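Chain lettering (A, B, C and D) follows the sequence in which the chains are written, and residue indices restart at 1 in each chain.
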Amino acid sequence: MERRVFIQGGAAVLGAGMGAGLLPQDALAQNAPGWTKAAFESKTMAEAIKALGAAPATESKDVLLQAPEIAENGNVVRLSAVSNLPGTTQIGFVVEKNPFPLSALFDVPAGTDPSFAVNVKMGQTSNVYALARVGDKLFYSVKEVKVTLGGCGG
Amino acid sequence: MKPEPVIAAVKWAWLALLFVACGVVAQTKSSADAIADYRASLQDGNPADLNAARGEQLWKTPRGPKNATLQACDMGLGPGKVTGAVAVLPRYFADTGRVMDVESRLVYCMVTLQGFRTEDFSAATVFSGEGQKASAVEDIVAYLYDESRDAVINIPQQHPLEKQAYARGRQIFYYKGGTHDFSCASCHGEDGRRIRLQDLPNLTKQKPAQEAFSQWPAYRVSQGALRTMQWRLYDCFRQQRFPELQYLSPASVDLITFLGVNANGGKMAAPAIKR
Amino acid sequence: MSDPMRIRAQAQGDKTTVRILVSHEMETGLRRDTAGKLVPAQFIQSISATHNGNTVMNAQWGTSVSKNPFVQFSFKGGKAGDKVAVTWVDNRGDKRTDEAVIA
Amino acid sequence: MRKSTGTFAKAACAATVFIAGCASAPSAPDVLATLKASFSERGIAKLDRLDQTDLQRICSEAAASGRPLDEKTRESLQKAIYDKIPYPADGKYLGDWREGEKIAQSGRGLQFSDVAGAPNGANCYACHQITPQEISYGNQGPSLLKYGVLRGVKDPASPASEAVVKYTWGRIWNTHAFNACNGMPRFGDAGILTPAQIKDVMALLLDPQSPVNR
């Protein structure tokens, strides 16, 4: 009954694009302000990092990634990352073999811990990276997550 | 009977077998641990909470041709009493003269109180498809179970129809049919069995039956949706290669009764989150 | 119309941990419907949280964040009774804001 | 659905009489009537799938009673089934293990949600460990890792391998010839796999080049 702890409220505001069912689908796409399209539409991790304006990432023990060794299903995989590097301004999550590897990018505002958890989709077994940005440098930690077939199949 | 041909049991062959067997055990154990970690990681943040929140609104909002709420619905503990109600269903209801499971009773209330038609409720309309919003029944079911967390399962066996439902449910459980000769018992009648990496509860035993019964409905991450107990049976029979199980059918209520009685004494923990 | 988020914010010492569950399909644009037609992408691209008007979380998401997204973060300075507001915006311009009181 | 009926009628009747004697209410017709009232035909899955073959009935009753078949009934059942196993006329038992692996991975086919005519899978991994590469395997059936190697098969076409090869074919075709009422589907007898598909699965298990044996 944790549900009750939640507060409901706040107005749902529908964007201007809605109700425009007559428009071709592409016309509905209107990327959110500040969304780094080039990075999120990159097909490789290297391209995504370039699009973020950073130098190629280096591995660091100060970036900690928590990810399951085996995912029973690829639709939901819980990833969490912590950066112990001073001056970390962003934390990112990358699934190398996804069609678009960059999954999520969190800013670290002053007073917020450089520590985030998020659920991501994985199309297949892949390396997963946690990225931490310090200045224009990126540091990473990597883990393989095996995505398995489950259940009766079909 | 033709026994399997036996090869000469030379020492190296046994050693090889032993080696392979040990490898298998080690592999399975670490996979099982890893899967347990995966499941544990999902427990915080179950999207079924979103269903339960919507379900609570649906329960309390006037709907249907009669523009009524469900707050007068008697799930078995009296009108409007929902806390703990799902833990004692299926049971016999005098007003309908039959044994009803949670979903049968909810639909009965939606029909009698709100004026929906019985034929509006079928597998096609109740079980949401990929990319579709959850149905009202799915959301309300999530709410009802959420209100009964930690309630002790106590499915009654007093009324003759309750006893018949259990006995028939048991026979259906063992009933092999279809192209693959499967029965429920093919997968759920023995201890320690898995399909792929998923443990198959032995539903004839109390503890595994309690675990299974207490954790449905559940948010299925593989489906991206909340799934009800009726759906669980429906999709088991699909994979069993049977024809299509009708929503709220007598066989479904019989089976849920069989499972529920086997699970008596357990504690409700639904909606859960599963693969 | 979108459904409310479920936001839990809990203060312990000077740290507030926030857990958010969002009701959203997160359509990738790569999925086909039963008729074999591609379902157009619709996914949250931006999500942010404020506490007393200060931004405490600001993220960009791609299509591979799970359906009904979950996110957890923590910040310093919140106390019981304070409000945390969360806003998301998707690629179609749909958006939603919900609030929670720190427990 | 293809059914094997009548081939072991005598044994079937004996078992049925024995079990019916100790069956308790509700009666079997009650159960069948309930099932017929509870399922609808859909797509390729018609209501006749609820009508049990003799073997299905015997095995269901044995499982429900908790009493395994008595030795004599079992022996005669198995012999009747064994004698009906058809072997490939061309004497060729092995196809392509790569195709066999695909069949072993696929759980599709014969469900009401499946399209008629599409190739069926065998879903071997649901119940068996097979190749070392696939870690997601079930344990309903025994591990088949090194299946050919452990049975001494160096050349599946050689006379020395014939017994193992024929046994494996029969086991896939109709498993009840060897262990009546076990849980494996009758892949050949029930028409789940085509003979060509069974040859591919045979290759997965027995071809020395298959990852199962390497």
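Keep in mind that, in the parts below, contacts are C-beta pairs under 8 Å (C-beta built on N, C-alpha and C of every residue); 3 or more make two chains touch, one makes a residue touch a chain.
Just so it is clear, the structure is predicted and the values come from calculations on it, not from any experiment.
Simply put, of A-B and A-D, more C-beta pairs touch at A-B.
At the far end from chain C, in terms of centres built from Cα atoms, lies D.
Between the Cα centres of chain A and chain B there is a gap of 33 Å.
Rounded to whole angstrom, the centroid-to-centroid distance between chain A and chain D, based on C-alpha atoms, equals 45 Å. If you average the CA atoms of chain A and of chain C, the two centres end up 13 Å from each other. Our note on geometry: chain B versus chain D, Cα centroid distance of 27 Å, whole angstroms. Contact with two or more other chains is made by residues 107, 111, 113, 125-126, 135-136 of chain D. Taken residue by residue, chain B touches two or more other chains at 31, 45, 49, 53, 195-198, 221, 224, 239, whereas all remaining positions touch fewer.
Counting partner chains per residue, chain C has residues 4, 6, 66-67, 70, 72 touching two or more of them.
Taken as a contact graph, with one node per protein chain and an edge wherever two chains touch, the assembly fits none of the named shapes, being neither a line, a ring, a star nor a complete graph.
Remark: the chains found to touch one another pair up as A-B, A-C, A-D, B-C, B-D.
Those residues of chain D that touch chain B in the complex are listed here as 1, 24-26, 28, 30-31, 34-35, 37-42, 45-47, 49-53, 55-57, 59-61, 63-64, 74-75, 78-79, 82, 107, 110-113, 125-127, 129, 135-140, 143, 145-146, 149-152, 163-164, 167, 170, 177-178, 183, 185-186, 190-192.
Contacts from chain A toward chain D in the complex involve residues 70, 146, 148-150, 152-154.
Against chain C, the residues of chain A that register as touching in their complex are 2-3, 5-18, 25, 28-36, 40, 75-78, 80, 95, 98-100, 102-107, 109, 111-113, 115-122.
Chain A meets chain B in the complex at residues 1-3, 6, 8, 68-73, 75-78, 119, 146, 148-154. Within the complex formed with chain D, the residues of chain B that make contact are 1-5, 7-8, 13, 16-17, 20-21, 24, 27-28, 31, 164, 167-168, 170-183, 185-187, 189, 192-198, 200, 237-239, 241-246, 249-252, 254.
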